[in-house]
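Structures are listed in the sections that come next.
Two complexes are shown next, each including chain A; its partner changes from chain B in the first to chain C in the second.
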Partner chain A sequence: MNILPYTAAFRAWFHTAMQYRVATLTSFIARLWFGLVYVEIFHALYSNNLIHQPPIGISQAVTYVWLQQALIRLQPVSCDPEVANSIRTGTIVYDRVRPIDTYTLWYARSLAKNLGPVLIIFSLIVLFAGLILPAAGLGLWGMSPPESLSRYMLFIISAILGILTATALAVLMDTLGAALLSPAGINAMAFTLVIFLSGSYIPLPLLPGIWSTLSVLQPLASLIDIPSRIFTSSATTSAIPYLIAVQVFWLFVTVVLGRWAMDRTMTRLQIQGG
Partner chain B sequence: MKQSQPYIFISQLNKTYKSDSDVVALSDINLSIERGTAVGLIGPNGAGKSTLIKILSGIMRPTTGIIEVDGRIPYKDRKAHVATIGVVFGQKTQLWWDLPISRSFDLLRDIYRVPKQRFVRTRDRLIESLKLGSFLERPVRQLSLGQRMRAEFAAALLHEPALLILDEPTIGLDAPSKIAVRSFVRDLQRDQGVTILLTTHDMLDVEEIVERIVLIGHGRILADGPLVDLRKRFSFERQLDVDFFDNAPDLHLPDGIELLAKTESRISVAFDPNKHSPTDVISLVAAQHQIADMRLQPRSIEDFVTALYEKHGALEQ
Partner chain C sequence: MDRATGGILDGIRLYLRYVSTSVSAQRQYKTSFLLQTVGNFAGTIMDFAGTWALFARFEHFDGWGLAEVAILYGLVNAAFASAQSVSYGFATLGSELLVTGQFDRLLVRPRSVILQLFGQEIRLKQIGRLCQGLVVLFGGLIAGGYLSGATVLICLWCIVGGTMLFIGLFVLQATLSFWTVHSLEIMNVFTHGGAAIGQYPLSIFSDWLKWFITYLIPFAAITYFPALIITGRASVSSPEGLVYVSAPAAGLVFFLLALVMFKIGMRRYTSAGG
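This part shows the complex of A and B:
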């Protein structure tokens, strides 16, 4: 497959997304605020022994919170308004008259739109919580680095898999939005489900008993939870290969499912109007 | 013995939209179009024109029937098919809203994998003939409709398609832009042999651009032939508007001349030029009165189509 059309589309959308720098900055400030509030809450919970035999220590919990905030933009919580709009206006016909694969085109678009903001927010959070807070003597409130360089590397691999799976899920949602001709239902359902299952509401390692272990098996854990478990050493070194295998599995499943849904939707799509 | 097949070949094509009650959008469509011709698809809203256009573009599949364009089945061989066609939908944009036009063009070059030299040659020619030079670096959202449509035409032609599909390309345009678009499309067909398929509600688009009209109504082809023939066959009505210096006179019109409107100083009538010569009608309406202004023009496409329907309704009974 010649990838030039897709990389060109990726560059164009990436460039467009980067025009909304103020929105990204605002989003960063919101993440910062929520991060500080969560860190405060966890300090209160831990120092008053309100969590029974916590499976992760306070510094792990605080680091996990910051990673949550840094990666939160990855979550597909709503259909791309551009897709919804192209369904409403019929502009989607232009996606279908290009001699390229529509799934890959949508994937490139989704990745391009989210990658820039995610990387910017991630870097700023790490800068703030990983460097500025400890340097200011507020280490208890800041992120702790991974225990080894190899863990750092594995975190990066895991985060990339997370980004790729998040994109596949986003395209799947866009496709379902297109199939239903309106994203409203999908958006309403996705929001609660995704926020909870990706571990951005309660850190999944803190779920009680067996649920903590089972929670890594569902696809949304791949986005924030698994990379964060690897980063914070909440996952043992011997568990990492299994966690990454789970991520690869879900990436494969979400892409196959997304392609199938796309084919079905596009053959059935009845584009109305002039 | 193998017969050579026309460029576009459609046989017994049907399309039914499945819903609570099935809607028949196209019914038993048979159509052959030779390479290099300019064909106008006309018919009222909801007649099935857009459905046919979408099936021809490979976007939708027919329920039953045969469709081939240049030997390919559009909906089965979508990618190969769409690489050879260009489309302009008058009410939609294919340019990237936030990007300068020149970036949209570069992106289309990569999407269609147009070789660099050929791209530069085609692009520069289109920029010149469509006069895009002054706003090439502006994002689409800042353009006027006329500028945008000219850019849309360029975007549809950068990969030098053999077939250009135009779905109401002049809708909403001002008069100079309409004239520019029409002469551009005409040159494209005459000089470069591009096959043109046009849908429109604007009779002047049809008169200026196409050689052959296919009239669609209720999902069927009601008439198909050269514009001149159709006019003869279906008594293509004319409308005469006359403005008087004084009050418009009361008239007794003979059969076949229909009073469309009468205001204080204006009278509008419709007539069939095959039955009443324009000279007779003018002298009848204007007789003995001082005329301030006068206009003789074809009646609107809607009237034309309505007249055709009436004829067909009569034929079917």
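This part shows the complex of A and C:
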């Protein structure tokens, strides 16, 4: 397979996404605000006289909150409006007549649109919560670094797997939106489900009972929860290989499922007009 | 009947016309509407499940148990949903009307622009979130043993004040887009962020945040202060009682100030269309 068309498309969309600097910056400020509010909430919760010891400590919970905010843009919470538009106007035909693989093209587009903003917001959050807050003497409110360099490297691998799975899920959602001709229903269903299951609302290790452990098995944990468990040492070193294996498993499943759904949708798609 | 009353009656008639058009338009897409409403309801249930999960671990927030927090949560979400359903025109002013130049069509009509914006679309799918908020609210009132005629009345008053406050925020968001010609995510800090903060008792936050949500954007006035009376934490006959009961009126004041800002912003608008 010639990858040149896909890398060219990736570069073009990446470049376009990077044009919206003000939007990315305001998005960072929004994340900062939510981060501070949730850190306050967790400080209030942990100051109770607790009967049961929570499975993660306050500094781990605070670090988890900042990672949620840093990675939140990854989540596929709605169908790409561009795809919905191309279905409505019929311009999807241009994607179909090109002698290239539509799935790979959509995957490249989705990845390109999100990667830049995610990397920028991630770096700014780490700069603010990991360096500025501790330097200002507000370490209780900031991120704690991973306990070792190797854990940090494993976090990066896990986060990359998270990004790839998130993109596969985004393409799957776009495809379902195309199949239903309107993304509205999917968007309404997806939003809270994705927010909750990926761990960006409540840290999944804090779920009650066995759910705190079982929650790593569902595909959305791969996006934020598993990388964060690795970063905050909520997962023991011996558990990390298994967690990464779970991520690889879901990446494989979501890509295969996405390809199958796209083949089905596209063979049934009727384009009217000439 | 003098001209002023005639004008107001005419405005109300026009608004009701907008409502009925909008409702019948949404009824044309039955499946999509049903999916969106159900998705909205299921999604917000998941949202409260997160709060419930935290209580399973931490039991209380600074002395506020699950029933009391459910009351705060229900009040803020019912208000947010009601505001969202009527302020769609304002929420999308930047991203749709200004960018496409359609705002000019509103300006040339011999009717109030504000009225036309409120009439843009009345979103019925928010009924899902509204119902969920009311269910959680009544659940909290019953579980905590606070249900009485007086508390229901105070709750209604809170929802009215809260709706005005959130509408005011959407109007401010629209005002800001006269300058940015783009809808900025930063306003989500106050709309969605407000809904998130309003569900926690004020006392858990640091001083700067307390000040912010009491005086600048009075989220505390539409949930926390009246809830002190509802849950019997403050007595109605105490000197503060009067303040706590009347606090939701701050939402109305906020809304009126936002309208003034909007009129100032509109003067700045210059069309880019042809």
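To be clear about the criterion, the second predicted complex is superposed on the first by the 268 of 274 C-alpha atoms of A that agree within 3 Å, B and C clash if a C-alpha of one lies under 4 Å from a C-alpha of the other, contacts with A are read in each partner's own complex, and residues count from 1 in each chain.
Definition applied: a residue touches a chain if its C-beta (ideal position, glycine included) is under 8 Å from a C-beta of that chain, and two chains touch if they have at least 3 such contacts.
Computed from a predicted model, the values in this text were never measured in an experiment.
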- When the two structures are superposed on chain A, do chain B and chain C clash or fit side by side? fit
- Message: On the A-aligned overlay, A:Pro208 touches which partner chain: chain B = first, chain C = second, or both, or neither?
- Response: second
- Of chain C and chain B, partner touching more chain A residues: C
- Message: According to the stated criteria, A:Thr192 is in contact with first (chain B), second (chain C), both, or neither; which is it?
- Response: second
- A:Thr267 contacts which: chain B (first), chain C (second), both, neither? first
- Using the touch definition from the top, say if A:Thr236 reaches chain B (first), chain C (second), both or neither. neither
- Kindly classify A:Gly90 by the partners it touches after superposition: chain B alone (first), chain C alone (second), both, or neither? first
- Once the shared chain is lined up, is A:Gln19 touching chain B (first), chain C (second), both, or neither of them? first
- Note on the structure: Taking the CA centre of chain A as vertex, the centres of chain B and chain C subtend an angle, in steps of 10 degrees, of 90
- Task: Check whether A:Pro5 is in contact with chain B, with chain C, with both or with neither, and answer first, second, both or neither.
- Result: first
- Give me, in Å and rounded to a whole number, the least C-alpha distance separating chain B from chain C in the superposition. 12
- Message: Quick check: in the complex, which residue numbers of chain B touch chain A?
- Response: 17, 45, 50, 54, 57-61, 78-80, 82-83, 85, 87, 89-94, 96, 98-99, 103, 106-107, 110-113, 167-168, 171
- Task: Quick one: which bits of chain C touch chain A in the complex? Just the residue numbers, please.
- Result: 29, 31-32, 35-37, 39-40, 42-44, 46-47, 49-50, 53-54, 56-62, 125, 180, 182, 184-186, 188-189, 193, 196-197, 200, 204-206, 209
- Message: Going by the contact rule set out above, which residues of chain A touch chain C in the complex?
- Response: 22-23, 26-27, 29-30, 33-34, 36-37, 40-41, 44-48, 50-52, 54, 182, 184-185, 187-189, 191-193, 196, 201-202, 206-209, 211
- Item | Interfacial residue positions of chain A with respect to chain B in the complex | 2, 4-5, 7-9, 12, 15-16, 19, 89-91, 93-94, 96-101, 267, 269-271, 273-274
